[in-house]
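Going by the order they are written in, the chains are A, B and C; count residues from 1 in each one.
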């Protein structure tokens, strides 16, 4: 049992890396090169799965925040923070790949296209989450404010999405995909999802360990009261 | 439906009459990973006068805030007037009065306006008259229209006492209420606490003056590092014992 | 009924404190006017700024002025731990939140009444095409903004309030309001874009979602 659990991590990461490598190979040699965009279109196999996983990470933040609101245990706060970190990382990648795409498709690094704007706002929302946390001193208060923000930010996401759609659109809304392209996309999607989940879990574990260390430190010095036998005075 | 409600009301009333004013069971409060209160248990009957003693940081203020429903315990159970304390405990709060560490008043409003405001929030009948009477009682009848920020600390403390008494609470929680009071005001507050107690109110007094506390209260609980170190009738205690228990090291100068 | 009465008492208390101390409103109005003037000069004086620019500039003034309002009205509760006595009273936490929101909205209204005409005059912004539409869009936006702002003012101020923290929390959340209202203004005040109801739906949805969420959360976050 113990060995099986210890072996799980390396196996998981090996599979993830193998899938990423397969995805790379498939997008290079297996998937057909798209006619209008040329080779740069291949960034799409990476871009779309990362974008979807950004939402999943944001959703994890939301769930963990709600969990904290209900149970008030530090575990939920650690999970929310881990997911927010991964969400920001993924969203940065979405922004960068989106910009590279835009540079090649429309000749500008930045256009206020609805989806680029959406990614930018999403990125800002969760960067703020991470930036505000260290400036709140009390760990309980920090967890509470973060949880409220984690919930509110997630509720905000659909509204952001609807409001950017008011902007004039040039983003490719649907691309017809040949079967090899579909296969490549699926491999990428699985690989990126495993990568994101693995990162969240790793970061979550690190957070748990840090907190356990801090707690041991805080309790060490004076807070260990000797037990007083109450009967003594009765 | 109505009958059901009536029975529930009746059961509630009997539960209320039989139950102690406060029932505290294995109460714990952790703030930022620090255990402030651990395993605190006691029953407080109606019309009791309890002194809460202990060194700085022993958890007296936190215990009072938990009892006042201002903050929720991390573990354990708390019942007030036979009712478990939950998030929506507005009805319970109506019967609790608190004199806090800080004066808990709006500094830009006058003493009278503050009292009247809280009187109206507690639905006290003829709030303004009661406010004036209480101001007279704490000896500030002529300063009622002054903004609280223009009062001295001691005067503001007296207004805070009046605020806590506006709604004639059944349970009065007093956290160092003698802070900043001059001798006459302190004497008046002592009289006031005794009088309230005589009228049937339950009082919990956190105080650093041990002799005064033991004189006023019937019972004393000594907290040490968040735990109950001693729980006895006040008459059987002297200051020395309390000091020893509060410090836990015999109180000897090293 | 009692909840409404209690809310009215609390709103009256906040407005009375504001009337007494005159700390917030003057400050906020001057700040708002200052922002509009600075941006007007920065963008280059003269006509040309159409609906979008004027709306955006008004938004900047509302956002910064609003955050200051929320911080100030919550600071009133922080002095001497006055909030503790409010939380001790037999009032629902949601009522405390709603009362604070209404007080904030009253101050925001005062801010808007002064700053909006200044912006309109300085930018020679012609409202005549849809004056009621303008008021409707701005009012809906400010309600949503104040709902979020009041919530986080209450949440943040329990920890010691650091300058800028509230703005950091509230601004990104309010971007849908800014986007939707700006786009609606463009649609209303220029002929090239067709008017759509989509923006209005977003504003109303924002208000409803965050009013309800804040009201629910207030029970958990209001602590002395």
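Please note the rule applied: a contact is a pair of C-beta atoms (placed from the backbone, for glycine too) under 8 Å apart; a residue touches a chain by one contact, two chains touch by 3 or more.
Fair warning: this is a prediction, and the values are worked out from it, not measured in the lab.
Asker: Please work out which of A-B and B-C is bridged by more C-beta pairs in contact, and write that pair.
Answerer: Between the chain pairs A-B and B-C, B-C carries more contacts.
Asker: Can you name the chain whose C-alpha mean lies closest to the mean of all the C-alpha atoms?
Answerer: C
Asker: Report the inter-centroid distance (CA atoms only) between chain A and chain C in whole Å.
Answerer: 31
Asker: Express in whole angstrom the distance between the two chain centres, defined as the mean CA positions of chain A and chain B.
Answerer: So the centroids are 47 Å from each other.
Asker: On a C-alpha centroid basis, what's the spacing between chain B and chain C, in Å?
Answerer: 38
Asker: Provide the list of chain C residues touching at least two other chains, using ranges where the numbers run on.
Answerer: As it turns out, chain C has residues touching two or more other chains at 220.
Asker: By residue number and range, which residues of chain B touch two or more other chains?
Answerer: none
Asker: Which positions in chain A are in touch with at least two other chains?
Answerer: 138
Asker: What residues on chain C touch chain A, complex-wise?
Answerer: 148, 151-152, 155-156, 158-160, 162, 165, 168-169, 172-173, 175-177, 179-180, 183-184, 196, 198-199, 201-202, 205-206, 209-210, 213, 217, 220-221
Asker: Taking the touch rule as given, give the residues of chain B at its contact with chain A in the complex, in rising order.
Answerer: That would be residues 31-35, 38, 224-232, 245, 248 of chain B.
Asker: Write out the stretch or stretches of chain A touching chain B in their complex.
Answerer: 74, 138-140, 211, 214-215, 218-219, 222-223, 225-228, 230, 233
Asker: Flag every residue of chain C that touches chain B in the complex, lowest number first.
Answerer: Interface residues on chain C, with respect to chain B: 2, 6, 9-10, 13, 16-17, 20-21, 76, 79-82, 84-92, 219-220, 223-224.
Asker: Which part of chain A faces chain C closely enough to touch in the complex?
Answerer: Answer in residue numbers: 69, 117, 121, 124-125, 128, 131-132, 135-138, 141-142, 144-145, 148-149, 151-153, 155-156, 159-160, 162-167.
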